[in-house]
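Two complexes are shown next, each including chain A; its partner changes from chain B in the first to chain C in the second.
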Partner chain A sequence: MSTQDSTSPTVIQAPKPLPAQFVTAKHPDEETTATQAAPQQLERVPYPVATTPTVPQEVIVAPKKMALAPSANKNYKQKRTFKVIIVGDAGVGKTCLSFRFCCGKFPEHTEATIGVDFRERSCVIENELLKVQLWDTAGQERYRQSIVAHYYRNVNATVFVYDVTNRESFQSLNAWIRECEKHGLTSDSNSPRILIGNKCDLENGQEKVSMDEAQIFADQNNMALFETSAKSQSEADHVESIFLTLLHKLQQSKPMHVQTVDERQKSEQDRLILKASEAAKLEEEGFCC
Partner chain B sequence: MDEEYDAIVLGTGLKECIISGMLSVSGKKVLHIDRNNYYGGESASLTPLEQLYEKFHGPNGKPQPEMGRGRDWNVDLIPKFLMANGSMVKLLIHTGVTRYLEFKSIEASYVCKGGKIYKVPADEMEALATSLMGMFEKRRFKKFLCWVQQFDENKQDTWQGLDPHNNTMQQVYEKFGLDENTADFTGHALALFRDDEHKNQPFLQAVEKIRLYSDSLARYGKSPYLYPLYGLGELPQGFARLSAIYGGTYMLDKAVDEIVIENGKAVGVKCGEEIVKGKQIYCDPSYAKDKVKKTGQVVRAICLLNHPIPNTNDAQSCQIIIPQKQVGRHYDIYISCCSNTNMVTPKGWFLAMVSTTVETANPEAEVLPGLQLLGPITEKFISVSDVFEPTDLGSDSQIFISTSYDATTHFETTCKDVLNLFQRGTTQEFDFTKITHLSLQDNE
Partner chain C sequence: MNSSFSEPNTPLREGLGEKWQTASCSDIGKDVFKSESCPLARAKFTALRHKREAIDRFLKKHKNENLAIYIEELRDFAISPGGLVDDEFRAIIWPILSSNLVNNDDLDDVSSSYDSDFESAQSDFDETPVQDQFHEVELTREDLMNHKEWHQVELDVNRTLARFPPNITDVHREILQNELIPMIVRVLSANPRFNYYQGFHDICLTVLLVCGLKDALPVCINLAKNGSFNNYLLKTLEKSVVRELDLLYVILSRVEPQLEKVMRSVELGTMFALSWPLTWFSHSLQKYQQIVRFFDCLLASSPLLPIYLSSAIVVYRRASILSCEREMPFIHRLLTEMPRELPIDAIIKDAVYLSKLIPPCLLKTRYLNEYRKFVSKPPRTSVKAIPRYALQFMFVAGTVGAAAGFLFFKQINPM
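Then we have the complex of A and B:
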């Protein structure tokens, strides 16, 4: 069964009845067998495969022509890493958006990739090297409360995504906002939030969420709204610009609390992060329990 | 309903989450269900504080306003620490789950003797200064520790006349001339045995446990223990994410009615009207009550304090061990304490847990010697949990049940049980080389 490693819903028994398009969502290979709803609605591309799926570094190596790419032999005055999470209902295209931004293309392969925690892209703005980590839900959003708490920790920005052809996913946004607030990501916190209506290339008559109502919702919740499509090539620059806008916002953001050198050293001493380098040591010792 | 899972895991306790992660990483198709709407089951950290009050006092239980923001509390239901050089840390590093977690050292470890609290010496300076033992005893003890350090099971010349297979720990104590107090301290505060059984067994295991303690201590200094920021509940969630990114499907807040068995073999689980097919079932004892037996009880008192534990030098986190003999018991009493520095309480608040293995009909009275060391207690929650172990090892039924969490202060037995469970279920040992997703930040 080819869907086994993807984040596409392998829903066979939902806790609550899900809208038809979720229940019938299939791996694109099986798309032809989906008959209950309009085929466009079923668009759900699983985790894209990278050349070497087991080594995430390779996944995120950006094509040469990507904007603001850092040059290899240059020293930057500062380096910062930002954690950006993408939330929204299953099937709205979160993974594709992150793939489009970090790898510059729409995931072509339909094979499932496993073991990807987040995608990363480095950009240089004002001589500062900025790394953006786009964290994926790992499919745990299918049943909303199943996303682990640490996903929402140390987050610098939140991207809310809905599918413009799927009203349900738009209506779920309130619940996603509440879920984020539960974990301390509120509109008045310093981390920016943006709203993306995905799949705007698809036509879907009355069902479609209009730009106007989305704008009202975005204003109410203090978010910037963008409509785009991760799939359409013509929108590629748009996806890029959305994220770069976000990046600029992050770059200008002041850290909530500027640590002094002493404070940083102290907290680093206090906080012991077990590094993979230690794993090497342990391997020599062997693992036994 | 044609979908069939390789394994259905019931319950998101730490053991089940590790198993789920290991199975997913091994390429198995895993469905993971929990009846609660939070991760962790028995080993959860409850947050916000309101959730803890609800659990113990029902829907009307409410924390007091001075306890601060509920969200700042992460209250472990089971108190444990990680040995810095122990198997849980190895498991975390090997699986890369460390990237989701941050740890801090527990500041100090204490042992109770004659009603007084003594710091367990963390280095030679402290060992020389400690009033735990007299001058001459200290020298003998030092000789003993040197022997432990250089002991090698495979090199007979390091044994110094003691045979690891025939000599008991008691005989070792006698050879080094250690008095009963020192033996008590060694067995309970260093080797972390819960009772005195080890004294009559070959000494190899005790020596290994003392070594684990000293190696763990050597790693980060102040104490041999590590503790994750935001509480132990982070551990199951870390492994759950590992499982999810390797394709595991997660479903919380889903009642499981029963495990469906055909011809003596599990074929799936029943949830309401639905039946999900699965070739194997892994679960905690609460999901397979007819296939487990009760082996004992553990009593745990969760105490909310607005001050550090007295006589601990205002330690923000610590452990205190009350060896059984000090209070005329068979099993030791353990106290663990964490605070805002570990992100489990708001500023100014402390969480202390007193736990022990139940040996009388009045468990609450058994933790009293521990409670008395805490000073004024703002709020106290007592839980008595049964400890179960499986009566069916699963080779025929394909139902693999974990044992309940014991009263030990660390995760060594937990890891052992998980690896054993994995071995029973897959008939092979877990291959750690299958995990290859170590991230960039780890490589930096």
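Then we have the complex of A and C:
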């Protein structure tokens, strides 16, 4: 994985009054004027990596401010971490979407994700520090059962992604939903689920999945639907607002506890019961390679 | 000088201390021009130049012979520091290494050299029908496009821009990408039970870049049929690569118990290293030279070496892991991001050393079982259990003591 593919460090800015509501959050571009006026206290938070990244030169040249970024020295009344998993077929743009949200730009080249990648972003909403951990998963069928399955544990929200120009990716959403439900992420559980139709900037005639049918599907499955494009600059705000909506939902859903011990144990138990049959199968075969 | 290069890669303890080697040959070359004052870098550069000359002489000397006879020498060249040095040599030697892959688990000892000779002879026999078969069934482009994995391969290959070395022009890159798709599908067609996985394209791409289209196909077919990729392509990932990666913890528990404990306590799992054996590190390494250097070594060693290399990399990054936040996501990210500068030769040396210290045959059986037992054991309570008769003993001792004291004081101070 190249360095530019990784999460860009959150830019820490001088304390400024936060917007009353996340909806009013401006796009980083619009806020640049404000930055110039404010004292230049931009600092880069270094990676925990031992080496110095050399590739992402542009990032250093123009450190974009992320909306709702936490300020350097301020105490928040609460800190919470949310784990969000992004699933969908191969090539629908999961990596690009998560990159756009966490790093505020479209990655130059993305490669096929092997296994899972992790990106993080911190936001401040209503004086509460919220950390979003985005788990970007491999889309290929082969990785679905054995690999991605490990990451459904303690997930707070699920993002399903399909490619609006690729009907197949829309049709396989059912399989992805089933897969999630197998791991206890059902529509009636506490974890919100959203559906994103990516690449809406591309024109592709009849193949295209219409907004209507996607909406019907989303309603059937109790999900909020968004169509967007991680690539087009005009949609950048939109990607941002989708994720912030999700975040807001997460924040509202369970005000005081993200996951209590009881809940965790219960969901764990459900998961174990589901897994029991599979595990039994695995046990029978010895190690061989 | 020749002897120094063809000497077996004996595991040296010093190997673990030599952490600060420069990554690979041409990188050293660049460094030496940049900082001419550094004598160490210059010495390494000279050593590599000598090695280059040695390989060149060797190849010229045996030009008209079947190089497969000299497989042991070629393996030594590939594993020893600097690897095969130059892509020019790699293009000649990789096809030979790939048709004589090490199948047995034991890297060392004298007896294995006979075994591997026997096996290589055997695999030569196996090889010929494969080639013939392949030539008989000449698949047309249409046939290939109808293959169930064509679209997935196409999708992955079109996303490999970052993998190409910078000296390749865009036009050249597109030509290579267009060649790569049918090539991979041809490899997959070699066995109808092969299931493509994302990452296999990285392997084929590396081979294509080094060997060119004509030679790359047989090399990839050999790797898919006889190498560790055979398992990955035939079985589910859970039953192949994930099980191999479990061995990573077994190795770590023996060489770096503290590190292993940290990684286990945050429930890190092995997913951070998933792409390492699957793509022979080509997915995560950032420099072309590092990738081909690893390939040199892996083509010449046992199928389990990727796991030893993974362990060596984790051990190399020990300090960063221990200083990282003790949370699974952060350590996961730390490890998935490979540093740009890696002491490749030192890591290879460590890995080979580890594979002798903890040989694969023991690792997969006894050590794995011992580790499983060790992990499943509940953590020992910090308070030591009270011995069975301790309370009675205390009581008796206390009473006797009190009685003795009473008598003693009574004698000193009789009322």
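Here is the rule we go by: the second predicted complex is superposed on the first by the 172 of 289 C-alpha atoms of A that agree within 3 Å, B and C clash if a C-alpha of one lies under 4 Å from a C-alpha of the other, contacts with A are read in each partner's own complex, and residues count from 1 in each chain.
The rule we apply is simple: a residue touches a chain if its C-beta (ideal position, glycine included) is under 8 Å from a C-beta of that chain, and two chains touch if they have at least 3 such contacts.
Note that the coordinates shown come from a computational prediction; the quantities given were computed from them, not determined experimentally.
By the touch criterion defined above, A:Arg167 lies against neither chain B nor chain C after alignment on the C-alpha atoms of chain A.
Once the two complexes are overlaid on the shared chain, A:Lys105 sits clear of chain B and of chain C alike. Using the contact criterion defined above for the overlaid structures, shared-chain residue A:Gly91 touches chain C, although it does not reach chain B. In the superposed pair of complexes, A:His238 makes contact with neither chain B nor chain C. Of the two partner chains, neither chain B nor chain C is touched by A:His248.
With both structures placed on the common chain, the touch criterion links A:Arg142 to chain B and to chain C.
After overlaying the two complexes on the shared chain, residue contacts for A:Arg80 are found with neither chain B nor chain C.
Residues 1, 6, 54, 112, 114-118, 120, 138, 140, 142-143, 145-146, 150-151, 282, 287-289 of chain A lie in contact with chain B in one complex and with chain C in the other. Those residues of chain B whose C-beta lies close enough to touch chain A in the complex are 1, 3, 29, 37-39, 47, 71, 87, 89-90, 92-94, 96, 98-105, 220, 226, 229-230, 233-234, 237-238, 240-241, 244-247, 249-254, 271, 274, 276, 341, 412, 415-416, 419, 432, 436-443. Interface of chain A with chain C (complex): residues 1-3, 6-7, 47-51, 53-54, 90-91, 109-118, 120, 133, 138, 140, 142-143, 145-147, 150-151, 282, 285, 287-289.
Those residues of chain C whose C-beta lies close enough to touch chain A in the complex are 152, 155-156, 159-163, 195-199, 201, 231, 236-240, 242-244, 269, 271-272, 274-275, 278-279, 283-284, 286, 304, 317, 319-320, 323-325, 329-330, 332-334, 336-341, 364, 368.
Every residue of chain A that touches chain B in the complex is listed here, in rising order: 1, 4-6, 10, 12-13, 15, 54-57, 81, 112, 114-118, 120, 136, 138-140, 142-143, 145-146, 148-151, 153, 182, 184, 270-279, 282, 287-289.
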